[in-house]
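Consider the two complexes below, in which chain A is the common component and chain B and chain C are the respective partners.
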Partner chain A sequence: MKVLLKVFEAVRPTFEQGKLKAFKPLYEAMENFFFAPSTTTTTAPHVRDPLDVKRLMSMVIIALLPSIAASFYFFGLRMVAMIIVSYAAGGAVEVIFAIVRKENINEGFLVTGMLFPLILPPALPLWMVGLGVAFGVFVGKELFGGTGRNLFNPALVGRCFLSLAYPKTMSASWLEPSRDLAGRLLQYVDASSVDALSSATPLALAKQGEFASLSHQLFGSVSGSAGETSAIAIILGGVFLLLTRVANWRTVVGILGSFALLGGVLHYAHPEKVGPVLWHLCAGGLLFGAFFMATDPVSSPISNAGKWCYGIMIGCVTVLIRGFTGYVEGVTFAILLGNIFAPILDEMVIAVRIRRLRSEG
Partner chain B sequence: MSVLSWIEFEATEKRKGTVKLKGGYNVLLQGRPESTVRLMPEPSVLYLPLRSKRFAFSELSVKEGEYVNAGDILARDPDNFGVPLLAPRGGKVRLEKVPGHIVIEDAAKVQEHADMAEEELLHLEQEMGAGGIKRYKLVTLGAWEFFYDAYTGAVPDPLGTPQAIIVSIASLEPFVARGDAQLRNRLLNFTRGLEQLQSLLEYQPIYLVMPDVESEFVNLLRNHIRGYAWVKIVEIPLRYPHDHVAILARRLGLKRSNGPIWAVRTEGVLATDRALTLTKPCLIRIVSIGGIGVNSPAHLNVMPGYPIKMIKERYVFEPAARLINGGILTGEPLGAEALGLDTECRGLTVLPELEDREFLGFIRPGWDRSCYAGCFLSSLRVKFHERFTTGMRGEGRPCISCSFCEDVCPAGIMPHLIHKYLYRDLIEEVDMARVDLCVECGLCSFVCPSKIDLRQQFIDAKALIEQEKQELRKEQERQEKEREEQAATKSVEEKDA
Partner chain C sequence: MTETSAWVIFIAAIFTNNILLTNFLGMCSFIACSGQIRTSIGLGTAVIFVMTMTTMLNYVIYHFVLVPFGLVHLQFIVFIAVIAAFVQLVEMFVERFSPRLYFALGIFLPLITVNCAILGASLFMIIRNYSFIQSVGFGLGAGIGWAVAIVMLAGLRQKMRYSNVPQPFQGVAISMVVTGVLAMAFMGFAGMVSIQ
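Our next item is the complex of A and B:
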């Protein structure tokens, strides 16, 4: 590895002062990807925790592995293409902004680029994947100042954009999952193979009173967004995220708890509109949204009380959208709505805490 | 007592009884000093720094080439109630040999300076009373430098009366001298010191802070002070920085507005005993030497001005290492210009400099590194002492609002919020968010995955706010003075008219 380090050191002057000065962020991102930075502490504390943003983001990717594996299994090799397109298009926007701003390339994109294809219908045209992620990163993140300053979850902004801009394609790109033992691991299925296309997701069918079996939903062999179908895979990754403290349990418990509670009450009151709670918990993007989307630390409230309110709000709004509006799924809108409220929730909690701190000491 | 004030009294008592501590985290560094105290060879030359964290000994009392005895006053700090710098050994004073230091050559361990002259004491007693003379002794015999104001960390006014004294025998930062090592064979002196401290008070309590362990040592200490009704024992968990006196003062419900709160550590109580019981100066320090690259980390029996080189030669084998005056979380790096231990030194910590850049470090399982959030495989291991370096271990990034800093903050403030206010230059909001409650423990900077230097930012912000407040006070005073002058001239004019 010393050879590689020497190569980096040899080309460094070209990127620092030479002709390729504009591409310094790209060079630094590459160098620091392979080799830990050489910076040292100058003041106390003299030692630092080994966790950095890169590792933190990698943990999300690791937590996503079961869902990614499930999406490969059920929807085939097309997922590889979607992930590549997502990383390429979103990465390009990220790099361009870093170069223009003369700032470092942030690792936040590693997660957005992976999350985005997983929340899309699996047969969506690839150009739409690229357009969606580019829009999400540009409008959802870069316009606000980049990672750490964004108000909304960029992946959800991208998905929301696609749902509003191309509603027909979005609702006609569902794939019927493979029921073979080998899955679709060796198949590349897209919108051209008409027989594989599915007309509706379990949530859409449920509106007509047709409920998919719970075991299929747990396992993931139902139609739906690429990474959102397998409840077991999501829970597996989600619990990992909670144990490593990358995701905050308050948000997750707030969403799922309020969803179950309100869903249970409404199912009792309007069984024709709101289906059984357990079925709904495993349907659609609720689990994926609760574990991977709503827990994004940047776009969710920072205070613990704020996280509870935020979670409860998302859970309740999801139930209401699913049961009482024309939409079959409401997680995307609920989380985006939660994102809008996050700063206000924080503001309220912080105001109370500052008032309490006033008399301290 | 009215009902309301009775309820208030009850609430205060209740609060004092239960110490609720927030946050905290133990950074486990390799090379923890043993509790044995080792004698160091007698030095022939002492290098006494004229500056330390709190003191600047600018008022010299000796001349170049003068011979001094052990215990003689070499210099004083005029800004800190004349706290003296004492000669730890007799010898020849050199003032210009090393900049910023008083050098004592031909240092010899001779009988320390005789007790204070009886006549002088008698005179002082008549003038100051019994309480006053005790305070005078504490300052002159060098014990006062072990006293802190619990909230500000500054030197308290020796003539003031505190609302309480907090005595802490816990030292939880890696690595500073621990109370159990300093108290070895000196338990009696310690309890006598507590009695002496009590004699400075009227009815105010002394809070004795002990780590929450069922160790033989703590039991022994508890037995020793059984029956001291004025000593209230406060047990704290062994978690850094719950031994910090500002945190304890707040959690004990001691308000800053009710008067000063004195804080002393083990060595302060021992120095009080020596000064008040024996009327002898405190010249010896027990400091720790620990960290990575140290041969048998331990506690050392040394004196201020002890040559750092001699300690390094004997104990440090790591060639490229940072030597820190104090612990790894709050200590100051000792540069090549520092030749001797300063009077406030509590320990030396050795930390290797970062040399190798790890290949693909962020995706390694991480069996050998432990992290606050549990993002490495080592979370499956029993807690272990880690081999740290000075590496930053990541690149600086904008705050991602993970709130780890708030979780570990022992002061109950919101470091991420203050950081964001500072980023936007909202100084007034920073003040409202109570940056002044920050105890500078360094945990927020330690855990921050975005590698933001929160501690330093808060230190700078506190200084800035203090400066602005001072300027405001001066401006108000000036305006008041102007108004008074105007009123005076007006009344003179009216009289003349």
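Our next item is the complex of A and C:
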């Protein structure tokens, strides 16, 4: 560590006054990655709490570890390539913005760059991974001023963009998960190996009346987006997030509760369109979205009542999209709609509260 | 198309075929009047009311005046005249009978005359051959869809006060970007119910 510190001390002048002044943000990001910064926060969000933004993000990364491990296990070394491309492409956008606007590089990208490959089909061409994450970071975050000021979840904006721009590739790039005991830990499998390419996710098969077994879904050996297949891994990470209070339990309970309730009612009314509740809860990206995407503190409502409404809205819209539209999966759209409604929900909660205070005199 | 129920058309006009987010009609007042939630609600309510009434009026005029007399080629002028006259009438009525509502709506009522979404709704009704009941459903749905979109944008723009938007993107540009993301999210409803 001391050697590293000396290296940083030695090159600091070149970045602060010298020739490489333009690349100062890059230098600072590298330095902060290894050492705690000696300065105070200069940009929002400011939180008076030992849990600062950086550690908040680290918590999310830790919570993601089980899902990442599961995605390695089931889909092989291709995940490494996807994560590297995601970090490289999104990081490039981030660095360019930081250099042009002369600001620091935000910590938030560590999470976005990791979340993004986990919500993509594992056999997606790598250039699409790069394009999607660059679009998500650019439009979803940097245009609004970076971490803490974005209106939408950047990873979801990127995924939504990809699924609307390349619907065919997005719905045909699924990999059949490995069923060996050793998994695919040392194999690189992509769309070129035809035998591994799978046709459909459990949700798509369910539209034809074919249901994958619940135990496979819990364990994760089903086709689907890289990080969303293993329900156990997600719940493990999600409970960690809830216990550390990084994710708000109101949002999660709102989503899953309303999903189960409306799903149950619709299952009895239209059994051919909406499958059994427990099966649907574990299928597709619902759990991953509920624990990791919807709970993003920046793009969700601030008030507690707002969080309840937000969760309930996402859950209900997911059921409706899954059951009654042309799409088989609706979590992305549902959470993005939730982000869009979030400010209005907060505003309504505040208006109700003001009215109540007035009537109390 | 006549067999689709008015209820389905109503839902479709709000979600899947939102007149603003899929046809991008009425953008001018959408961008201009979405700075504050309060004003956006006022404008939204006015649009709902005027859109429903003018589609009904235009339906009657089109099918009982223009078609029998072979004056269909005049439909644009006639529709615009009807909308303008109706808005003026409503303004006078509201001013006379409910001054509070009149002041709440303020400048937005006359502004609606030039809102292309209103004319668009009437024209869609003709192109898609709606019956009278369907037209009512469509007009009401399209109005509510427009109002929902503008209120959402107003909320987001209010939240954006805490954002640090790059100089070239400030103002209208970032509102357009946000509208694009809104439209992307609404694409999720595609296929739920469909009209042309």
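Side notes on the structure shown:
Convention: the second predicted complex is superposed on the first by the 338 of 361 C-alpha atoms of A that agree within 3 Å, B and C clash if a C-alpha of one lies under 4 Å from a C-alpha of the other, contacts with A are read in each partner's own complex, and residues count from 1 in each chain.
In this text, a residue touches a chain if its C-beta (ideal position, glycine included) is under 8 Å from a C-beta of that chain, and two chains touch if they have at least 3 such contacts.
Values in this document were obtained by computation on a predicted structure and should not be read as measured data.
Of the two partner chains, neither chain B nor chain C is touched by A:257. Within the superposed three-chain model, A:56 lies in touch with chain B and out of touch with chain C [touch as defined at top]. Here chain B and chain C are compared by how many residues of chain A each touches, and B touches more.
By the touch criterion defined above, A:5 reaches chain B but does not reach chain C. Shared-chain residue A:149: touches chain B and chain C both.
Contacts of A:343 after superposition on the shared chain: chain C is touched, whereas chain B is not. With both structures placed on the common chain, the touch criterion links A:125 to neither chain B nor chain C.
In the superposition on chain A, A:276 makes contact with neither chain B nor chain C.
When the two complexes are superposed on chain A, the residues of chain A that touch both chain B and chain C are 44, 146, 149. Of all the residues in chain B, the ones that touch chain A in their complex are 27, 29, 151, 246, 249-250, 255-256, 322, 324, 326, 328-333, 349, 351, 353-354, 357-363, 366, 369-376, 379, 388-395, 397-404, 406, 412-414, 416-417, 432-434, 436-437, 442-443, 445-451, 453, 455-456. Remark: chain A residues 44, 101, 139-140, 143-146, 149-152, 157, 160-161, 164, 317, 320-321, 324-327, 330, 332-334, 336-337, 339-344, 347 touch chain C in the complex. Of all residues in chain A, only 1, 4-5, 32-41, 43-56, 58-59, 104, 106-108, 146-149, 243-246, 248, 297-298, 300, 302-304, 350, 353-354, 357-358, 360-361 touch chain B in the complex they form.
For chain C in complex with chain A, the residues that touch the partner chain are 37, 151-152, 155-156, 158-160, 162-166, 169, 174, 177-178, 180-182, 184-192.
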